[in-house]
Structure formats: structure tokens, C-alpha cells
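One structure is given here, and the rest of the page talks about it.
Which chain is which? They are A, B, C, D, E and F, in the order written, and residues in each are numbered from 1.
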Amino acid sequence: MDNWLPTLITATPTEGYELAVKMSRVAVKMTQGDAAMRDKLRPDYAENADSLIAVSDVVAHHFATVAAANNYWRD
Amino acid sequence: MDNWLPTLITATPTEGYELAVKMSRVAVKMTQGDAAMRDKLRPDYAENADSLIAVSDVVAHHFATVAAANNYWRD
Amino acid sequence: MDNWLPTLITATPTEGYELAVKMSRVAVKMTQGDAAMRDKLRPDYAENADSLIAVSDVVAHHFATVAAANNYWRD
Amino acid sequence: MDNWLPTLITATPTEGYELAVKMSRVAVKMTQGDAAMRDKLRPDYAENADSLIAVSDVVAHHFATVAAANNYWRD
Amino acid sequence: MDNWLPTLITATPTEGYELAVKMSRVAVKMTQGDAAMRDKLRPDYAENADSLIAVSDVVAHHFATVAAANNYWRD
Amino acid sequence: MDNWLPTLITATPTEGYELAVKMSRVAVKMTQGDAAMRDKLRPDYAENADSLIAVSDVVAHHFATVAAANNYWRD
């Protein structure tokens, strides 16, 4: 993959959250490289409450890292 | 989405907790953009003990980040 | 809700742990606002080993935050 | 409950780990107060690989907190 | 195993993420040492949405550690 | 048990990772003290993709602690 994650620094918490969502998806792509298979699996999680909660948890973990990297946008 | 998360700073831990709940929900909306589908899924987690515990776990993760951002409201 | 979480500071680790238990429960109440439904769901987790372990995990996450807020009660 | 957790400080990492195990169990007791029910549930997790892994995860979370409290026993 | 993890330092966040993916896989290899069995299990997670989300969560945890080690590549 | 965890300090990240694997296993032993039962359960997780991912997650949590204890082996 190209240099898809050049920095953890974002201008705002909102952008940091969007980055966390992206980060949560890349590991899936690196584990299941077939885009057609990923598309096929999409309803399995997008229409399943527990899967959506699990997705949100991964985002929370990445957001914690991004937030720390940005010193919580306090500066 | 608009700039829904302009800051992690809140006046009190209670408000920080409410922000963490909001943060846990946004990732779900970003993954399942169809509001009607989300409404349909609501009973699947709101009436399921394990799902509610999982929701609480995501909130705990986001609250940890918000609390650190606010220096634990110690200042 | 009222200002149910005015501070993360507690006198002892024991009280911090009790606060963490309270914090783990509030997200459930905020997601399932119907007390009767919550009562109905209680056996589903209180009599299920995996659910109890999951509850304990949420408490662990909140306790980590409370402990950091209190500087691990080292002062 | 009495003051069962007076301090997070332990003499060694081994004792800190034992404390983390204790901390993981107390939340279960606080959620399911009936000792007979807890005894009944014991085989459900003690003879189930996934449950044992989940228990280990809770211990890992508490150990992280205890280790930080003890400054990783580096002093 | 040889010294497969000589350092947590990487040049970029992208490389740090790749390291986190590697770190998430090694524990699996250390638990299931039989490569043929691991190959057999691959479809079980690579074609399962919940498994892929779980993989992503492990990566998130390791990435947090790698990011902290690199001071979030802020220097 | 004897003093199985005298220190969190290791010479390299690789050794720190091996320690994290050990730490993830001890909680299982402390919860299920019967070695024969543990052996019986081994195929349940070693031949199950989701269980192996869960094991890897516990290792990730312990590795985070060990890495922090070692100041990420940056010194």
C-alpha cells in the first residue's frame, strides 16, 4: 500500500475521528484483500447491531491514539 | 458531516460522559448511513443485555479519551 | 440526567472502583431508558458467566480512568 | 463491601498480577451478589476456552492500571 | 523464534501500522504453531465480518503502543 | 504460585512480547487450575479463528503494559 497514513495530526477532533474510522477499515482491507468479498460481507455488519457496536469500539481505540497524538487539540 | 466534534473539552465529567455517548454513536452512523435501518436495528441492542454491555464498553473507551483531554477535570 | 458525575476524585481505590461500577451502568440506562425493560434483562446477564465477565471488563476500563484521575491514590 | 482495595501499590509485579485477578472478580460479585449462583456459573467459564480468554483480558486491563500505579516497579 | 521485533521505532505512521498488523499475527502463530492449521482457519476469519472487525481491534491496540513508542511521529 | 513475574523489564521488544504471551496465559491457569482440563480445552481455541484472535488481543493488552514499563526500549 502507498503511504496512506503520513501523519496522525489533524486540524480538529472531527477530522481526527474521521481518520480513526479510516484506520479501523485499513486492517480489514489488509486481512481480506479481495474487494468483492468485502462488499459481499458488508450487509453482515452494516445490518447487524452487534457488529456496528464492534466497529464503533475499534474506532474508539484508534481515536484515543489520534487524540493523544494531537495532544487532544488543546494547544 | 459537519464539524460535530469541535472540541473534547467539557465543563464537567457528566458532560464529558454525554460526549462519550455521542462519540460512540457517530461511528455507527458513519458505518450504517441509513437512519431507517438504524431504527430497525435499535431493538436488537436496546433489548439485549450483551449488546448494552458492549455499548457501555465503547462509551468507557471514549470517556477515557475525553477525561484525559480534560486533564480529568482536576484543574 | 442531573449532574450525576460531578468529579472523578475519590478518597480511596475502593470508592474509585464503586464509581467505576456506577459509570459502567449509566451508559446502559442512557441507551435503554425503560427501567422495566432493564429489570427484565437483568437475569440475562446476572445469570450468564460471559455477560458477567463482559461487565467486569467495562468496570476495568472505567477504573483505569478513575485511577489515573486520582493519580493512583499515590499522593 | 468493606475497604477491600485500600491501595494499588504492591511489592512485586507478581503481587500486582494477583491483585488484578482479584479486581476482575469483584465486579462479578457486585453484579451477581448470590454466591450460590456464582458457584453454579463457575463451570460455564472455567471449562470454556473463550470465557477463560475473556477473563484473561479483564485481568490484563486491571494489571495495566496496577502496573502504572506502581510506576512499573521500576523505582 | 528469532528476534522478529528488534524495535518499535518506524519511519512513518504507515510503517507503524504495518508493524502493528505483524504484531497482531505473531501471537496467533505462537498459539497455533501448525501453519497448515492456520491456513485452514484463514477463511473462517477472512470471510467473516465479525472476525475481520476483531482483527482490526487487535491491530488498533498494537498500533496504540507503536504510536506511543514513536512519540506519535511528532518529532 | 511462586514469584513468576519478578520484573516487567526485558532486553528487547521481542522478549517483551514473549513475556506478554506468558502473562496472558497465567490468568487462565489461575482461573482453571486443572492442567488436564486446560489440555482438553486447547483444541477449542487453537483450532478456532475467533479464539486465536481473542488470544492475540489479550497479548496486545499485556504487551502495551510491558512496552510502557520498558519505556518502549527507546533508551
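Everything below uses one rule, namely that contacts are C-beta pairs under 8 Å (C-beta built on N, C-alpha and C of every residue); 3 or more make two chains touch, one makes a residue touch a chain.
Keep in mind it's a predicted model, so treat the numbers as computed, not measured.
Distance between chain centres (mean CA atoms), chain D to chain F: 15 Å. Chain B and chain D have centres, each the mean of its CA atoms, that are 26 Å apart. Here the spacing of chain B and chain F, counted between their Cα centres, is 31 Å. Of all residues in chain E, those touching 2 or more other chains are 24, 45, 48, 50, 54-55, 57, 61, 64, 68, listed in ascending order. If you draw each protein chain as a dot and join the dots that touch, you get one closed loop, with every dot joined to exactly two others. Following neighbours round the ring, chain E first and chain F right after, the list reads E, F, D, C, B, A. Put simply, chain E touches chain A in their complex at residues 12-14, 16-17, 21, 24, 45-50, 52-57, 59-61, 63-64, 67-68, 72-74. Chain E contributes residues 1, 3-9, 23-28, 30-32, 37, 41-42, 44-45, 48, 50-51, 54-55, 57-58, 61-62, 64-65, 68-69 to its touches with chain F in the complex.
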